[in-house]
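Two complexes follow with chain A in common, the first pairing it with chain B and the second with chain C.
Our next item is the complex of A and B:
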């Protein structure tokens, strides 16, 4: 589908639109809106998996042969053997009852961020993750990537035994080689390099200190390539130390984001606070206001009340100008701040219209302590420092600063590379890091590393760095390991929830072995080491067993809040002006792979990017204006070049992206891993070596490279004809006309009214609280064994997700408003799918579920064609049968794994409903409100999804469905959906309808 | 004879009979009840329910302890057997085999007698908690020396009882029907 942007002037267009094709109304888009399946989604019969295209057998012959063979097999195969065996435990663990899930508290770390989680295990194997509800911060919520990480435990690419020079060997032998090198280094006094991820664990920190004491020449760098060097640099400049910045949105009335994507799903605590402020019952309740200035369109930008596209290099100047105006309005400047330095590089009314600017200043001034300025980790250091200054001036209570373990920036890694090249190190150990891939100058890295005599690697899956090392130590997955983390409100304990699947050890145990070899006398294993430290320093009278149960020990580690240094401002303000030719390239961690560590996770690769809806790829996002100027169309291959580095990759046109800005996700283009290899392009070579602006690179050039790529993008599917699908209200509209011009249609039906004797399950989705983070998609995938289909199949519109997030644009191409809408089976009372099924495979249950019997389905796809919501997914090919252990261990045993030729869709997690029902019945009581949670509801960090019994008048959901914002999607069709949506809310300064 | 005559008089009837015979024989042979009933495979340990549940009157739930807590009734773990058999009849070859398994931890592959297809999610809990006797579906287990399948375990068997459960329920039970919707068992 080719998209030509309108050449000039405004076009008559639908109010809400989802793709550029739809906005400019190409004939193809109009056709696609009519069809359930994309062209190519419904296969020609030869095209079906298993039949070679030119087999020479006609379909009729084939069917004849198959039925004859089946009849023969049926007569011959009538054998009572093969009922299988059932093997009991020899010694049953006390807490395990086969068929009953156990839950254990543990924790997951990604960069500096820690996710306390609750691990659901069945017969000893972890199958599903949610947040730990005991933790006062996250309260039962976690991130999409954390939830998906259970799949990595069962990744068939995991290294299963130690290796040296490609040969598998035992731990003793492998360790002996490493220990020998370390002992020699200690004797000669030569330095040893240890590169690891961020240290968020107090016990790991203590262990590293022990190791440093035993081996004084140890040089340890905590390396997080996607954490944003600029943030680290800025914190050191502003506060004189590394600082962890945690927004406290519960206290925020006005939020200004300088390219900060704090609603991207990574931070459940912030999302919970956001959701709580946005789930309004009445228009008189207080609501926050979000101002966003950013280059690329982020999830936070899509949820903004006011958003202005601004190139990231200009953010600092804007923010300093804001500080100057606020100072002029009487806000105190921190001691030592030089006001005159703040004037540079700002011209009024260029990026933000003058009126909006005045409103922003007024908003911030008015909110004072309840205002907060947040800056994106990837933004230049000067912008961070401006944000720090603004928060200090406002005295913001909506952000918590705490000292953090320092991270190595590219400058530090660069120094290490030079050291390696100079032959300084006796040995180098890489623990859970992949610098051969993430370091910007890969060739220089390789040459330098080759000069280190002993190179050891510790990790889960052989990666680019492992290929350059001699000794490979396979590490436990975190679900097989002990650990602990400090978080602001509690010290979190990580416990293994499964025994080691392979001959692996956790990295800390390797460190303990090194300590022993170096002459220290440490604990026998890390469990003992950790427990001893906990009993001494953490437990404070509590028991370790209790901590294991809760997964944490509450307590606020009293640390002095870092103090802003006013004297740092002048230097930062001086860095704001930068004239540059060409485009500005912004490099950000990809939604799915993060910095590349999750690239081998197929659940994440197939979860559509919340904005671009791309799967399995990282095209470069180009602004509408630049695409027009360069003649680029969606999917065109382009050549991106910057300082001698060039990359050929497809382009997408991103509405709302600032003019002159290119956005490209990191973490793709891996060269190892069964899933990750060859997916997307590696953007790390573009990363700058100047840590103050490593992720924002001016001077990029973009040219058409010729050719197009069929994008594996989900957003063009499931269109809904520009009807009244999403509703978005301003606060004024909420107060006066919550239903606006929409009137309740009078529904006439020919069908008999459904009767619900006991329960009527329903759902309410609050679009005002939904930010579009896609946590629900991953939660559902894990709970319901939703298959992954791959890039090629997604491009054909065959993705299998039971819940998707539709993203609607509204308004101008250059800066549209955005509404996210989770869309799943609506469990209609008069379901159009049920009436057309020729075999009655889908029908209604007496508790209001639209049930789907897979074993009855013959795959006519009539139901999908007749579904107004386009939520039925068909198994066009065999997506699951080829799977073997260990992959199959990640399945939820309570849900059927569907074969080819079967229709499937959201079941409202009927396995959970049934389980609660049976338990309640066994205990002789009725089901409590909130007792049944669907996976999407449990996974939703902003509590936008509420599930419950509509027949229980006291239930939370029964009250929500009567809200004034409530509406049903396509109510006029008369399907009577069981899902009620609450209209999105925006809180712009002028309460009128989206003043634009 | 005209070729059409031949076709109508002989070929068509013969073809019809052949098709009918094929359909009937395939149907008869593939009827699961026909084979499932009476299925009594040889088990790795010749365990007698007649002795344990019949003569010794042991409760079913003593060994199948998951039945009121879990979807699965569960097969007792080997250490549960050894609770008694460490002493009881320790000289029998079968018990010695059991003791060896308990010691070495090697798998004890009991042959499945009652199975359901993978798309059926039968749950023991509501049935047992409603007071339905194990024998209603599993037959008079306490009289079986070798455990034998008495019921076809077809959907018809389930539905017959769900539509009219009074025969299986204890006297005085208030339950009149079982669930008949698809998602009760298929999901």
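Our next item is the complex of A and C:
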């Protein structure tokens, strides 16, 4: 659908809107809202039943076909299709009891971040991840990408044996070649380059030190292309070392974000603290206030109480001006701070209205050490340094600083490239990194690498870098590996949860092999090495077995907090405002692929981006004003050019994005991988070589390229025709009019009231705590075998997610407020879908579940038509039957895999309910409150979702449903949904609490 | 009206014969499977069963 932006004047618009079409109320939007499904979603008769629409088959022909087919169908019916054989184990592994899940504690690393997890296995197969509930920081929560990474274990593209020059060979031969090269390098004194991901593991660090001792010419670089070079550069400038910055939001009353997306789902600890502050029972409870200054709209921006679109290049100037103003009002500047260079180039009131600016200064000053300033990893280094200064001035207790292992910046990698080009290195080893794809100057990289005599690659799936190497070593997935990690509150263990599926080894074992070849006498394998180190350095009285059981050893490593150097400010303040022509391009890690490592994960590719709701693509996001000026419409192909690099890609118009700013996700446009190949465009060539502003690039140009792309975007699917679906209150409204103008409808029914003899399952979703991170979507997909349908099907509105996050805008196009609302089957007591099913495939259970009998469903889709919440999903095509091992190993055996022609939807994780019921019955007790957790509830890092028994008056849910913010969606329909929503809360200066 | 909408005789005859023929052939092939070879479009690698083994030295939390 093409959407023209309004040319002039204000329009009479709905209060909440999800798409530009809805906002400007085009005739197409009205028609789309009126229509039940998107064009193409429902075939006229056809690709489901095999007959073309208007086929012209007459009744006589049809009857002839039917009678002939019926006779033969009887013959076919005699056969037992899909027959399989179930056999018992001849030798059952002691750990495995068929039908009973095992849980192992382990850990997952992504960049510098570590996720302690609990892994559920069935019959030896890891199938589902949650956070480790023993870890004091994450407390049972994790990130969407960590949960989805179980699928990577079963990726059919995994390399299954070592390769050399494209030929499969054995480990002995492959290692001999590598060892020979290393021994020669040691003898000649030529350097060897080892490029790996971030080192967050103390034992891996010790092993690397051992290797360095055995091979003194080893040059190791820890390279994370999406970590943000600017943050690293700024930390070195402000503190003289690499620093990990961890928000402590539990202590924060006022939060100022300078393009920091700390609510994007990556940090469960921060999300938990955020949720805890926002789940209010009464308007008199304390609540924090979030101010956001940012260019592209982020998830954090959507949860702000006050948000102002600001170009990232101006953030540093604003933040330093804030520091100057706070200093003028009495906050002490750290010794040596000189802000005089700032005077030129900054004028107040340009980016933030004067009144809001005064309120922000007042808020920060009053909150003092309970205020915190956070800066986005991709923002310019000067903005980071300004945030460091502000936190030092405020004496902020809401942020924890700790020394971190240094990361290589673009500058370091560039130096390595020059070394390779000069023939400096005897060998290069790439371990879990893909610089051939992530390095900005790909051609220069390729030429330089070709000059290294031996190029070895260690990884999971053959990627762009593997294609340029001679020796390929297949690596274990982390669920098959040993390891450990340091986190602020515990040292975490990683243990294998399954034996290796293929002839692979973990990278550390390869390093141990190198050590041996270089004349050292290391441990036999990494498990032995790790255990020995733990028994010597980590375990204090406890046993290794207990640590494996818990997955960690608690303890706060005592490290001196880095001290801010005031003298670093003068230089940073001097490079704040740079005038430049053209647009400002912001490059950020994609929600699904991150830096590209998850690009082959179809669960993530199909999870809608929390802001743009795009799947399977990375269009360039353009502000509303720029789109108007350039005449760009949604989906138009545009040409993006910057310093000689040009890319043709589709555009999306992003409300709330700062004027003059373009946003483009990294991690797409891969050239390898069955799923990843060809999805989106590679934005890495736009990355800058100056590490202080690598991700913010001024001077970009955008022109219409002609043509248009049908975007696989879900935000316009499942419309609700402007009904009262989502509610958002200010704190004042919460105090005085929690139900606003909404009135409780009097419901009259002809049906007999349904009785629930034992339980009545229900759910409460707190919109104030929900940040829209999509962790619930991924958790549900993993738990319930939700199929992936691909970009083309998503574009037709045929995505299969049982839970979706509706993102509503409110207010002006240029800077709307945003509310996120998870929407799933409401398990209505008087369910409209049940009444219309001709075969009773969907019906009501005695404990209030709206359940599906898949083998009874004949696919009429009447239920989907009659569902007021648009939460039923139909298998239009065969999405699962052709899957083979290893993909099928990821299935949860407790949940039926649905075939073509069958309707499906959220089941409230009935398999989990029954599991608890059976366990409670076996133990002769009743079900405890909180014992049943749905996958979405368990996955929600901000605890916005609560599931429980409404019949138990003491249960948490029974109390929540009586809250003053409580309402049910479309209550007036009379469907009696079992899900209660608590209205969203905003805490603006006017209409909110005072921050202190 | 029906006559105007009807397809040519040949099309109708083909539809009448081909449908039952294809269904019949499918039915017979299910009852009397003659060819157990791997369909050519399925890669041989995909048919290899993967052996799932428990992890060595790991300690489970519960189960």
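The definition used in the following text is that the second predicted complex is superposed on the first by the 942 of 996 C-alpha atoms of A that agree within 3 Å, B and C clash if a C-alpha of one lies under 4 Å from a C-alpha of the other, contacts with A are read in each partner's own complex, and residues count from 1 in each chain.
Criterion: a contact is a pair of C-beta atoms (placed from the backbone, for glycine too) under 8 Å apart; a residue touches a chain by one contact, two chains touch by 3 or more.
On a predicted model such as this, the values are computed, not experimentally measured, just so you know.
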item	value
Touching partner for A:851 - first (chain B), second (chain C), both, neither	first
First (chain B), second (chain C), both or neither touched by A:177	neither
Contacts of A:843 with chain B and chain C, given as first, second, both or neither	first
First (chain B), second (chain C), both or neither touched by A:90	first
Contacts of A:99 with chain B and chain C, given as first, second, both or neither	first
Partner chain in contact with A:914 - chain B first, chain C second, else both or neither	first
Residues of chain A at both interfaces, chain B in one complex, chain C in the other	71, 75, 78-79, 81, 97, 100
Residue numbers on chain A that touch chain B, as the complex places them	71, 74-75, 78-81, 83-92, 97-100, 843, 845-847, 849, 851-856, 894-897, 907, 910-911, 914, 918-919, 921-922
Touch list for chain C against partner chain A, complex	2, 5-7, 12, 15-16, 19-20, 23-24, 26-28, 30-31, 42, 46-63
List of chain A residues in touch with chain C within their complex	56-59, 61, 64-65, 68-69, 71-73, 75-76, 78-79, 81, 93, 95-97, 100-105, 118, 121, 123-125, 156, 480, 495-502, 527, 545, 548-551, 884-886, 889
Of all residues in chain B, those that touch chain A in their complex	22, 25-26, 29-30, 35-36, 39, 41, 65-66, 68-72, 74-80, 101-102, 105-113, 115, 117-119, 121, 123, 125-126, 129, 181-184, 186-187
